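Labels for the chains are A, B, C, D and E, by order of writing; each one numbers its residues from 1.
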Amino acid sequence: MIDVEIHQRLGDFQLDVDFSGDGGVTALFGPSGSGKSSVIKFIAGLTRLRSGRIVVDDAVMADGQGRHVPPYRRRIGVVFQEARLFPHMSVGRNLRYGRLFTPRGQRHIAEGPVIDTLGIGHLLDRHPATLSGGEQQRVSLGRALLASPRLLLMDEPLASLDAPRRLEILPLIEALRDEFAIPIVYVSHAVEEVVRLASKVVVLEAGKVARVGSPTDVFRVAADRFEIMSVIEGRLGPPNAPFHLTPVETPAGIVWLNGLVRPLGREVRVLVHATDVALATHRPDGVTIRTVLAGTVAEVPEGSGSSVTIDVELDGGSHLAASVTRAAVAELDLKPGRQVFALVKSVALDERPL
Amino acid sequence: MPDLSPDAWIAIALSFKVAAVATLCGVPVSTVLALILARGRFPGKALFDGLIHLPLVLPPVVTGYALLLLLGRKGLIGAFLDQHFGIVFAFRWTGAVVAAVVMSLPIIVRAIRLSIEAVDTRLEQASGALGAGPFATFFLVTLPLSLPGILVGATLGFAKALGEFGATITFVSNIPGETRTIASAIYTASQSPEGDGEALLLSVIAACIGLTALVASEIIARWFRRASS
Amino acid sequence: DQVRVFAAASVAPSLQKIADTYKADKGVEVLVTPAASGALARQIEAGAPADVFISADLKWMTYANEKGLMKTGSSFNLLGNSLVLVAAKDDKVAVDLADKAALPAVLGDERLAIGEAKSVPAGAYAEEALKSLGLFEAVAPRFAPAENVRVALQMVARGEAKLGIVYGTDAAAEPGVAVVATFPEASHKAIVYPIGLTKDAGPGAADFIAYLKGPEADAVFTAAGFIKPAK
Amino acid sequence: MIDVEIHQRLGDFQLDVDFSGDGGVTALFGPSGSGKSSVIKFIAGLTRLRSGRIVVDDAVMADGQGRHVPPYRRRIGVVFQEARLFPHMSVGRNLRYGRLFTPRGQRHIAEGPVIDTLGIGHLLDRHPATLSGGEQQRVSLGRALLASPRLLLMDEPLASLDAPRRLEILPLIEALRDEFAIPIVYVSHAVEEVVRLASKVVVLEAGKVARVGSPTDVFRVAADRFEIMSVIEGRLGPPNAPFHLTPVETPAGIVWLNGLVRPLGREVRVLVHATDVALATHRPDGVTIRTVLAGTVAEVPEGSGSSVTIDVELDGGSHLAASVTRAAVAELDLKPGRQVFALVKSVALDERPL
Amino acid sequence: MPDLSPDAWIAIALSFKVAAVATLCGVPVSTVLALILARGRFPGKALFDGLIHLPLVLPPVVTGYALLLLLGRKGLIGAFLDQHFGIVFAFRWTGAVVAAVVMSLPIIVRAIRLSIEAVDTRLEQASGALGAGPFATFFLVTLPLSLPGILVGATLGFAKALGEFGATITFVSNIPGETRTIASAIYTASQSPEGDGEALLLSVIAACIGLTALVASEIIARWFRRASS
């Protein structure tokens, strides 16, 4: 759905990026100054491409050879890293700005739900100057959405929001992705968000693509152990209403999700942080941890720090990363081939399946 | 003000009309010119810029004389306008408007241009990304954000139009009731010693009108600043 | 109907008074448009609505005639003026113009206000007179050329300039100055105010010119200090 | 060290705040639009106080009655939510700006280490306009630090930085707090940061102080279960060098810290997320979880969701919050007085003690 | 340009000197006035603002005359300056500078004020929080960020000083070599039928000087914009 190839110098900074994204969320991930915002600006057409190619939905937006569809004809929504609200317009007029230029038939996204979810209904008559940082960011997000773009570029849209507010807004972005089928390029430093939203992660480093792949693949080898995650696929079982839990049936055992998730039988992906997994050599009992998955140790990397990330092949073939201390590895004699039970604190899973 | 002659009152009214119309015409024209100069890139831009500033550099009489040569009924452009559209500027109050506009153009254009160049281009980018074409962006973002400059331009233009004398008297003369503005009336009065009192009185009146316009513009500016915060 | 008079600024005040009485007497409105003679001549050339042109000097009337702007043979010298040396009223000075040393001595390193010779007729006459009296070389560096005679007068009245050379009419009207000496008529070309009908003058214009030659007008001009033009 | 009392209306927003901070880090925490930045601006003197009192180190900065020490005389450093860099100066000149106005004797903070830690050494000759969002934020942080202020106000200073970069910068802030003894008022939405840095947390909600206290106390009752934390105090034991672990001896058992932390015998505080704690009815074995603490259930709140946070009184008297599913509570019959073992995934503890 | 009289060359040199000095004096004065008007709050501010704008509203001759009354050797202030400091403006080129400054003041002040008001006050706040007092903040932040306006002010001031005529000739006369600027020379030439050629030539020269100043200011502005990005 989107093809990006950029070879260009910005001052002293050389950007050489080549990736494509499908219909879902493509995450741009990488350290500060790695070129994420620059890529966004090229896709939006705000920086002129001199060498490379930007294609959205089979339409060539720029080919570095003179073809340069101006930004206002691209129908690409941008949530900028800074809010960039129009200071002379009320919040309401800011929000409705894009709508003016959206053909009537393409105004897919209704105002009410967006404003409600963003919690900015009480700000409509205010001017941007007096808004708080997070309020500005939410209005800016709303403004981009309400233009009903055919591609959405979001540059750290939730950076200055508190955790509860983020959790409220994430479903909105998921709805854009799923219900409205708007492809999204999403810049974020929050692994949680990226993993939850993205089907593809492009990791930038110093202007180059360092890794590309699914969140699982990319974060499995992430440099920082807090970023390592696994994804387990399964099928929703009948919810346990009194206890507000829903089982996800997987070949390796049942993963318990918090909340009542339906419909029965739906295929879901469940996300597990490597740091939320403990391993036991026999099936434990009398423990509050309810999700216990059976498998065998596939790989125990050498290491010199206190922790290592062990690769466990679960029954059924999917892989699970578990971050454990080397001391425990030695004590329990964990080595490839050894049968283990992975204990996953169900409460540490995300509220909604991916 | 009982000692003011009826002619003087007519001059005041005329000046007011000329200044108001000059401002109303001058500001839009200047806005377009300022936009072209601020954003445009074309060969001869410097020359074009220079041309706009010319009335500032030359003595007003010369500008007035140039206007007479160009826009007079027998002038290059004037003859054309007269024949094809029946528009005559020479020796009409509309000519005084033209003189005032030309003389105040460099000042107004500069003020507006300064404001346009101060507009954060990132906001214009944001507008573009929201689907607004160059025109829409100009009218919805650039122009409103340049309002301080436009207001200053309008104020300066109005004041200048009130005070303009050299180019006006040279271009459209000093015909009572038709082209005798306050400035020309002051000149006329000052030609005889008995006129000194009237000249002074007229000067004070001109100053008062100018001050009123100024205060009005300050109030609008403050109101505008408050509205956007 | 109307008679539209383009008049040199210095004649305009008197002319306006005459116009007022003319309207009361004859019921014809006279519209006096004062400006610099040169500006008026060029405006007439550019098609200005004028029936009568009164210039403050010959050269612009000549210009108008040469350009064919005037009715042939209609122009003549309406008024004359004298050229005087003035000082501030309280400034007790006496200058004998015949004494070549007197004027420079009185002047010292102060200024002599005159009209700008190229643009103000009074200035041109003043230069001419000073030259013929042999004073020019001595006083020229002390000139303070003004844009019009009124300003020159003010410079003297205010004490910014020690002395000034202006028309008799101006000196008579300005209470702040006193006439110190009058330049001999022979020292400069006759000071005249030519008047004429423009090429497309209306029918009432000739009547008004005739009126200007009459006694009512003459009284006003004389009161203002104008004299009969030298023939 | 700092006393803040503010009663003032900002447009429609009524701010009524009263708190004090000691020498350490006082965190301002709360949802978007709760008034955090407004408080910062009052302390810095950028908004004029009409009713209330701001006292820093016994000096009255503003008393709402005409006394108003102008900002430039307060020597209070501010890291704004937006970077606010001077666009006409190079990064280097931005950084050195505050130094111009700092008396020679008070220039405590050296340039080199700050610039190195922030990773902005290569930007010194650049102008702010071309910096990336995170680069701007780091420069802005450095600029405030290098003025060697006597009080530092930081408004989400790490919001747009990647996790590794944050972990690099946090020690710098700790050094300011510990080595230079600069009191800090710190606004952040990241519970991790707040818990790590702050000795006191002031939670704002809609312009009022909702809760005040130590991070433990505050996050123990936090509305969002992800924010609930406990602090356990103990004493460093002899590190286990081969496995890179350090024991913290507590009456309830040993807490294993990753890394080698010294000196032996030092009193430390260890932070535990409620979501990182599992409970077992008997001491488990054969599990990679190494930190097992003994205690009894003190309280099991009623609840209707899937999880509840159980209060466990550890042997020795300190309290530990454990977030578990209600299903597990029922199955294991957890109720007050019941002996339990708390399993804490050591690898989920912070790298450094608080 | 062989047909240009030596007098004309002197006038050109003098104009250049007067315009340059007027710009150098006018810009700092205007900057201070602009700052006072942009930021100050005091009773009578509107009147003060009006006073600055007066030269725009009144015919130049009136302004010149007012200068003569105030700053002439016998004038209110002039006499004082003369007696106590030996400063004389009347009939001196310095007087022409004064006239040019006064006449261009409203334009320069407005341009600079516009730029000062466009400076993001949050940057000034940041400066204050870093320990910079009002003066330091003004010189290190406000002023450099107002540079576009100051540059525009300087350009307009220079151009206006070149073209100023009415007030100058009234205040300091038209003395060759001392106070006869290009503008006076052009005016004078244009007032005699034979002077057209010289007037035109001088006008072209004035236009060229103005254009050069304009181009220079554009280059400086572009260089400055590039330096800050």
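Quick note on the criterion: a contact is a pair of C-beta atoms (placed from the backbone, for glycine too) under 8 Å apart; a residue touches a chain by one contact, two chains touch by 3 or more.
Note that the coordinates shown come from a computational prediction; the quantities given were computed from them, not determined experimentally.
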Expressed in steps between touching chains, what is the minimal separation of chain C and chain D?
-> 2
Steps in the shortest chain-to-chain touch route ending at chain E and beginning at chain D = 1
Between chain B and chain D, which partner chains are common?
-> A, E
Relative to chain B, the most remote chain by C-alpha centroid is chain D
Compute the centre of every chain as the mean of its C-alpha atoms, then state which one is farthest from the centre of chain E.
-> A
Would you mind pulling out the distance in Å between where the CA atoms of chain A average out and where those of chain B do?
-> 57
Separation of chain B from chain E, taking each centre as the mean of its C-alpha atoms, in whole Å = 20
Chain C to chain E: how many Å between their CA centres?
-> 35
Indicate the residues of chain C shared as contacts by at least two other chains.
-> none
Could you tell me which residues belong to chain A and also touch two or more other chains?
-> 82, 130
Send over the residues of chain E in touch with two or more other chains.
-> 61, 166, 187, 190
Here the pairs of chains that touch are A-B, A-D, B-C, B-E, C-E, D-E
Tell me, which parts of chain D touch chain E in their complex?
-> 44-46, 70-73, 75-78, 80, 82, 84, 86-88, 97-98, 100-102, 127, 129-130, 143-144, 147
Note: in the complex, chain B contacts chain A through residues 122-123, 125-134, 136-137, 140-141, 144-145, 147, 227-229
Can you list the chain A residues touching chain D in their complex?
-> 10-11, 30-33, 36-38, 81-82, 126, 130-135, 138, 155-156, 159-165, 189, 191, 223-227, 240, 243-245, 256, 258-259, 275-276, 278-282, 284, 286-290, 304-307, 322-330, 332, 334, 343, 345-348
Residue set of chain C touching chain E in the complex reads 36, 38, 41, 59-60, 63, 111, 113, 116, 118-120, 143-147, 151, 154-155, 158-160
Using the touch definition up top, name the residues of chain B that touch chain E in the complex.
-> 46-47, 49-50, 53-62, 65, 106-107, 110-111, 113-115, 117-118, 148-149, 152, 155-156, 159-160, 162-163, 165-166, 183, 186-187, 190, 199, 203, 206-207, 209-211, 214-215, 218
